[in-house]
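In the two assemblies presented below, subunit A is common to both, partnered first by subunit B and then by subunit C.
For the complex of A and B:
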């Protein structure tokens, strides 16, 4: 029986403040993609949302549903036929120093020319007494673009990524 | 102004370049929209908290104790 393998396609550790990170020319030789990120924003907000754009597509091909909880409240939001997708939350500049949000995004069957459902989970912990300054969020996503995924752009919604934010893109083969 | 990083996964080439004027404009629009959404959410939460406090006062005026009210609220949440 063949063993699935996880291969690092590319990684980036930011050397300075960065407005967006793009992975382009993603090889088609894998079955699934996995994106692992540790990131923080430079604006004094909490949390800072991050958008994903796939294949440079800004048409109404994105939908997502999230479930967010912190120690005092739970909430859920949803968007359908959206022009971009909020993929995760991260710490902003008002969070405890040197704390970074951590996320994982799993995109199965990314070479499909049909709709591509995927999921993400992101967490923030700051040791802050403000309940809303720590959270966990689970997200369901759907990208309805009609071609396989060859590029991913990650952009903070109202901020930049700070130095030492890390981005790892893995490919997963099922044989 | 922040840079933009583009990684070509096939060649391994990494391009770091300044944001274009269009990208800066889009970032500013997104920042304004995010701030507006955060303000709206904060206003909504403040209104809900004020409504809850007003309702609590009405129940106290009817003769319920705070323990009675908390018991009811906890039962409703369960």
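For the complex of A and C:
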């Protein structure tokens, strides 16, 4: 029988406000990565975008295409040759109290030395009648770095993650 | 001990270009399937999928897509394959990735699929989410990935089938 492979590499549950979350020394022993997050920011905005930096790379190796639905007409935007990737959105301090955004990011073939495409979906639901205070977003990401992924840093575009934000990184083998 | 899950059934890495990728003799011992594809193609084409060698008009799908400029939605009924994603990248260095969840694949009801496609090409490409239906009550024992225009998946394409 084949082996089960969805393995928790590392998790972090924040005990207080935190400026960034880092997964470092990611082992190369898997084929794919899966990142699952429940997070909220402490800046008075909605939504709050979160950036991802891979391997400490701040060169123009990131791009994404997104698809957004926030109770009005769906829309799509993209960024190219960016110095970091907006990986997802989350609730900010303007959102309903104690609500958190949820994301799932799947990164196949993360040890590749070529360009690495990956998919993410993030959702925010707040039971808030304010226009655009809830959303669902799908993202096609591309990281054009020439090394396998060994570290991931997640940073809110402004201010901090709040207490009780959760971050789980899983490794997946294909054999 | 918790039950093992997310088990790799098989993986294929193309050593040369191929028109299709097939997983056969899929055991019926899991609840769901997940198929992950990372690919490039020689010519931009649409990635599709067929089950159990069924080429009849038993497939349908509804999709929402973001092109980086606009969002759009479409559907197709009585198709001969399930839609996985448009515009498989033709760059030899920038692949696209697709994940396909197949729910209750071994059951005796029609089969529903959830598809996510990430085809960002640093200035072009798209993101697509789709729901597909295969109108068959047969258990799925074989999955074939193909390009509807008859083109080839390029060398280095990787497809992995997981049981969940």
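One rule holds in what follows: the second predicted complex is superposed on the first by the 172 of 175 C-alpha atoms of A that agree within 3 Å, B and C clash if a C-alpha of one lies under 4 Å from a C-alpha of the other, contacts with A are read in each partner's own complex, and residues count from 1 in each chain.
As a working rule, a residue touches a chain if its C-beta (ideal position, glycine included) is under 8 Å from a C-beta of that chain, and two chains touch if they have at least 3 such contacts.
From a predicted model like this one, the values you see are computed outputs, not experimental measurements.
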When the two structures are superposed on subunit A, do subunit B and subunit C clash or fit side by side?
fit
Looking at A:14, would you say it contacts subunit B, subunit C, both, or neither? Reply first, second, both or neither.
first
Considering only the touch criterion stated at the top, classify A:43 as touching first (subunit B), second (subunit C), both, or neither.
first
Could you look at A:93 and tell me whether it touches subunit B, subunit C, both or neither (first, second, both, neither)?
neither
Examine A:23 and indicate which partner it touches, taking first as subunit B and second as subunit C; both and neither are also allowed.
first
According to the stated criteria, A:160 is in contact with first (subunit B), second (subunit C), both, or neither; which is it?
first
Determine, under the contact definition given at the top, whether A:123 touches first (subunit B), second (subunit C), both, or neither.
neither
The chain contacting more residues of subunit A, comparing subunit B with subunit C, is C
After the superposition, what is the least C-alpha distance between subunit B and subunit C in whole angstrom?
11
Can you name the residues of subunit A that touch subunit B in the complex?
9-10, 12, 14, 16-27, 43, 45, 49, 51, 155, 157-160, 169
Which residues of subunit C touch subunit A in the complex?
4-9, 11, 36, 38, 64-71, 73, 93-97, 99, 116-123, 125-129, 158, 160, 162-163
Complex contact set, residues of subunit A against subunit C:
1-6, 31-32, 63-69, 73-78, 80-81, 106, 108-109, 114-115, 117-121, 138-142, 144, 172-175
Subunit A-facing residues of subunit B, complex:
2-12, 14, 19, 23, 27, 30-31, 33-35, 38
